[in-house]
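First chain A sits with chain B, and in the next complex the same chain sits with chain C.
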Partner chain A sequence: MTTEPEKRTGLVPRWARWTAVTSIVVFVVVPISTLVVWSFAFRWNFPNILPTEWGLRAWSYTASDSSRVLEGLWNSTRLALLVTGMAIVVGLPASRALGQHEFRGKSTVEWLLMMPIIVPALVATMGIHQIFIRLRLTETLFGVALVHLIPAIPYFVLVMASVFANYGTALEETARTLGANRYRVFRYVTLPAISSGLLVASMFTFLISWGQYVTTLLIGGGTFVTLPLVLFPFLSGGNNSTAAAISLVFVAPAIVVLVLTSRQLSRDSALMGGFGKL
Partner chain B sequence: MTAVSLRHISRRFGDHVAVRDLNLDIESGEMVAFLGPSGCGKTTTLRMITGLIEPSSGDILFDGESVLSTPTERRGAVMVFQKHLLFPTMNVAQNVGFGLKMARVSREETAERVKEILELVDLPGLEDRKAHELSGGQQQRVALARALIVRPKVLLLDEPLANLDANLRITMRHLIRSIQKEMGITAIFVTHDQEEAVMLADRVALMFDGVLQQVGAPDEFFRTPRTTGVARFFRNGNFLRGHRRGSTIHTDVGPIEIVSTSETVEDGPSVLTVRPEEVRLVNEETDQENVVPAVVTSLIYMGSHTQLTVTIGDTPWQIQAPAAFQARNGDTVRLLLPRGHVSIVADDDTATTGSAEATLAEGSAVL
Partner chain C sequence: MIQRKHSRTKTLVVLFAFALIVAACGGGTESATTTKAPAAPAATTTTTAAPAAPAATTTTTAAPAPTTPVDVPGYSTWEDVLAAADGTTVNWFMWGGSDTINSNVDNDIGKVMKERYNITLNRVPITDTADVVNKVLDEAAAGVDSGGSVDLIWINGENFRTLKSADLLYGPWSESIPNAKYVAWDDPAIANDFGEPVDGLESPWGHAQFVMEYNTAFVPEPPTTFEALSDWVKANPGQFTYPAIPDFTGSVFVRTLFYWAAGGPDEFLGEFDQAVFDKYAPTVWAYLNDLEPDLWRGGSTYPEAAAMTDLLANQEIQFNMGYNPSRASSNIAEGTYPETIRTFVFDTGTLSNNNYVTIPFNSANPAGAMVVANYMVSPEFSLIMADPDQWGWLIPTDPTTWPAEDQATLDSYGTGVATLPAAVLNANALPEPAGDWVTAMEAGWIKNVLEN
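Then we have the complex of A and B:
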């Protein structure tokens, strides 16, 4: 049996484009505009389509000390940055080894890397909790960052390994023979070549840390407060407007990342090739 | 003067021996071609010379001094690969000037030398182009310029022309050859194309399965191949077994006289060979020496000549006959094996059958 080839307009089939547009509207535009409306609502009763009274109360509360939003924002930011930094330090050499070299036990390492994606990070965190108490790592920024690495590292390494695999070693070897030592090869040849991939992987890592709730709660012990921890009580009960305002603060980086990555991805088709390997 | 010495170098990857006990001296200003079928260890040898990998045993000397403890970046052995040629984020000038930047040469001098070398490789004024804005041949020349600009101790070219089309390849061969001679650079050139090796190199080093088979001037591979495998690689599959006594080899089809060589080769069982283009067809009445009968088994008209396959006794031989030659399968012809063109080869057919046959197939496709 033969099938008719798909009718295409340009590079992307029409149905795929419509699916993409529709899902962006349904899953991103609608919820976020609703949040924006809610955050400025003072009175909004059924069956009105829009609030009957508008106000900035939710936003001024969000900015106040008592809401702990600013504290959470500060903690979430430095935490996500620290996690990203650690992911780069640990993950870059690892992903390079996975992407460019063959070694014994490579498939085992790859399998182990997938574990946190399959087994919820919660399970691992429960086990680690006891050890962290003994090491006095609980309720510290560093301790929480270490735990965030568990779900973050696999994504970082998988993305970067495919970037490295695509890029190969010939250019670096050429540079070595031309008189560049290891450091300068990395600085002048490797880094420029992998930079867009590294940007994307780092942003993924940042967002994974940004969105952690249970792991932060367990290891942070409630004293180390991040945005999700601040947000949660407002979601489960309380003021809708305030919850909406905090939610907007919470999703802001994700939107920024989405825009930045999509620009990177469309500019750098080599990287898309890299994702194709995943 | 010897620029590069390879002393008993071997390289193992796990259980696999990629290069085995290789000995070679390369003179300063000389161009040596590493020739051999795929997987025979050519690239591995180059990488050992650069220091990108270490030999499992043996020593590598530049100008008489061991470089094994010198890291790649300070050896001055510059490698040009076949693919992934140029740094993609840099323009032509930055690519070519890379080695000078690493050597902390001033901007002004770098710009000056980049301009000079781009003229030498026939690409003047292309400084600002990006790698992907160049054709394959232009990229290849930029890569060559980038290597030449640092005046390498030894220039290593790993099949640099394999990706180019036939015409461009010939132009590039001439360019590489003339620049290498002009600058007096010591160079090693890797190829699996015997024609390229013969055209470009002062000396050829032929390898099979990690073992150096024969090193010498290109014509030696045609006139005096050392083994049957070497002869086969150079598209000569004509062998005849016999028993040697002095300068005569007694075969089933009669005695064959050879030019007695100064080297003392022992009497006893031996294999002789004559290249297809040196075998001559003679008529019935001749009473010359070294004439043997043969039976025609196939005849292919090739335009410039006719490729004749015959059997001598039961051994198949290839002969390059005149284009106008006519015969039918089964006809008996008489072949003259000119004394000066008969050479003795060591029989290594058992060892190299695989690679030799692959090469022969490749060879006949070109013929």
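Then we have the complex of A and C:
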């Protein structure tokens, strides 16, 4: 434990650390503190550096039933978790196949997987909407989750395939020859090896679902209310203080997830090791 | 090392288990709502489709009580409508970007509907009404002819025309509901929505008039003619602008100029006439091109309407404009505007129109939607709407048809701090031109001003 900090300073040059800290302050801390100030501002006009009048108006609206923030928070959370769970179920086998095996048409499959990033999700969603209406999947949690899966899967598979490619099959084969069954190999060899990569991929998936607006609006029909649905009308012409307060509720989970997982990701991250290998 | 990997695996397992549990709970709640939802549409569909059904309900529910006949599809008395609406949910799709309007709708309409009629008003916040219009078009294309998800839409103008011409609206109903007697349906300004006959397919709920907002700290005397405005802009370069078309606020500013150029609205109220357009368009384009170098950022760009609120509040420009005469007052009350903002209308008048609510053809709950719309044109709600301390809106109903004591209450109201008196607004109100004129003016502006 005591040797660790020294090792870190040795590994990362001083200028790089300063650059990292500066970027975090400039790109994360400053915008978020502005939001905090705005959310407590009642009147804040140029040329005043700070609000001339403060108030809790924005927060009391955010906490009220009319804002539907609580409902949106609940819906966004269970939606993003469901999408993450589905991405793991669907994406893990796919990324393993892509990362560890060579097969005919592999590059075609990879290219197809990237399609949702290249083709805007909106275009696909328009067509899907028609089909979902017939299947009665619109306005349901499951229907919206299925649509969020489209933009989420490429990122999930991209990360996980790199992880699988890096880690190879040798360890699993060794465990098998030593007599472990498939479950034990997965539980004690594969899962520990890919876990930090899986955490990164799950975070990506969670946050992609968390930020979806147009797809949620189309498939959820506006009646499945998530946080972006509550927030976006305020960004296009609403009250700045209210927009700031709801924005803070919107970014809070992302920060919580980042802080909770940052320890796991700070060292020997599978993501850093294997990105771009696919 | 091994210890760390294990804890990481545990975190993952716990996270995944949590995901499954939450998703499972979610699934449960969702299936509960989905099983509940089809039940209501099914009931409504039978009443709407089978002519026998309403008759049956009438005899059972309203035998002793006096009945109010209505002439709407599927129902023959208002009591039938109330009975069908009892215990239902109305999904009202409306722009959700004002916390004041959101809270007001929930408190002053939603709560009343719940207490009085056992109707749950589900206000669905949207960013753009066109999104709902597309949703109804999508549902129609997919063959969803009943049990649709939209019951009520806050709408007017182009969006209404789209749905009406595609024959995707329920009705006619709005001239037949009990409180329709408080709406001046014989007034062309109410009976036509941007020149499109309403034909009983939408009911008014708000009245709007274009006003200019200005900062008295920098503009002591507002320029109330276009000549004076031009002089002011040239004397104060960079402090005036208007939103770029197709923004509807920019569009109405250009329409107001056309009326000024023609000396009145009369020539624009009928069918589109290219000769009339060509007669006045050059004056308008010349006026705007003459202003351009002295606009905000030298006219190299035009802001969005929403951004102009911030620009005015932050003294970057000294004028804003919009369709809501009481927005300045409520923005001052909300803290968005400094207290020095006031409003004015041009001496040549400004355009006015109405906001309506409409019911899509496949609404799962037209009965509930009509009950809500009926309340929105009642004298009771109009008084809440007109009260500058509550909504502070212009009302679409005709106060002369109200009971005497309600008229007295209305007369006792003052106006918002930055709102012009209703009499001043009414005296300067001009009707909207028909839709084809609007299209031509917008296209002309883009070609002759923006791209010039």
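Things to note:
In this section, the second predicted complex is superposed on the first by the 237 of 278 C-alpha atoms of A that agree within 3 Å, B and C clash if a C-alpha of one lies under 4 Å from a C-alpha of the other, contacts with A are read in each partner's own complex, and residues count from 1 in each chain.
Convention: contacts are C-beta pairs under 8 Å (C-beta built on N, C-alpha and C of every residue); 3 or more make two chains touch, one makes a residue touch a chain.
Quick caveat, the model's predicted, so the values are computed rather than measured.
In the superposition on chain A, A:Trp18 contacts neither chain B nor chain C.
Contacts of A:Phe27 after superposition on the shared chain: neither chain B nor chain C is touched. Within the superposed three-chain model, A:Gly168 lies in touch with chain B and out of touch with chain C [touch as defined at top]. Using the contact criterion defined above for the overlaid structures, shared-chain residue A:Pro192 touches chain B and also reaches chain C.
The partner of chain A that touches more of its residues, comparing chain B with chain C, is C. Residue contacts after overlaying the shared chain place A:Leu178 against chain B, while chain C stays out of touching range.
Shared-chain residue A:Trp111: touches no atom of chain B or chain C.
The interface of chain A with chain B overlaps its interface with chain C at residues 192. Contact residues of chain A toward chain B in the complex are 168, 170-171, 173-181, 184, 188-189, 192-193. Those residues of chain A whose C-beta lies close enough to touch chain C in the complex are 41-47, 53, 55, 57-58, 61, 64-68, 77-79, 81-82, 84-85, 88, 126, 129-130, 133-134, 136, 138-142, 191-192, 195-196, 198-199, 202, 217-218, 221-223, 225, 229-230, 232-234, 236-242, 264.
Those residues of chain C that touch chain A in the shared complex are 5-6, 8-9, 11-12, 15-16, 18-20, 22-23, 25-27, 30, 34, 91, 93, 95-99, 102-103, 105-107, 122, 124-127, 131-132, 135, 138-139, 141-144, 149-150, 304-306, 309-310, 313-316, 334-336, 338. By the touch rule above, chain B contacts chain A in their complex via residues 47, 50, 52, 71-81, 83-84, 87-89, 98-99, 101-103, 146-147, 150, 156.
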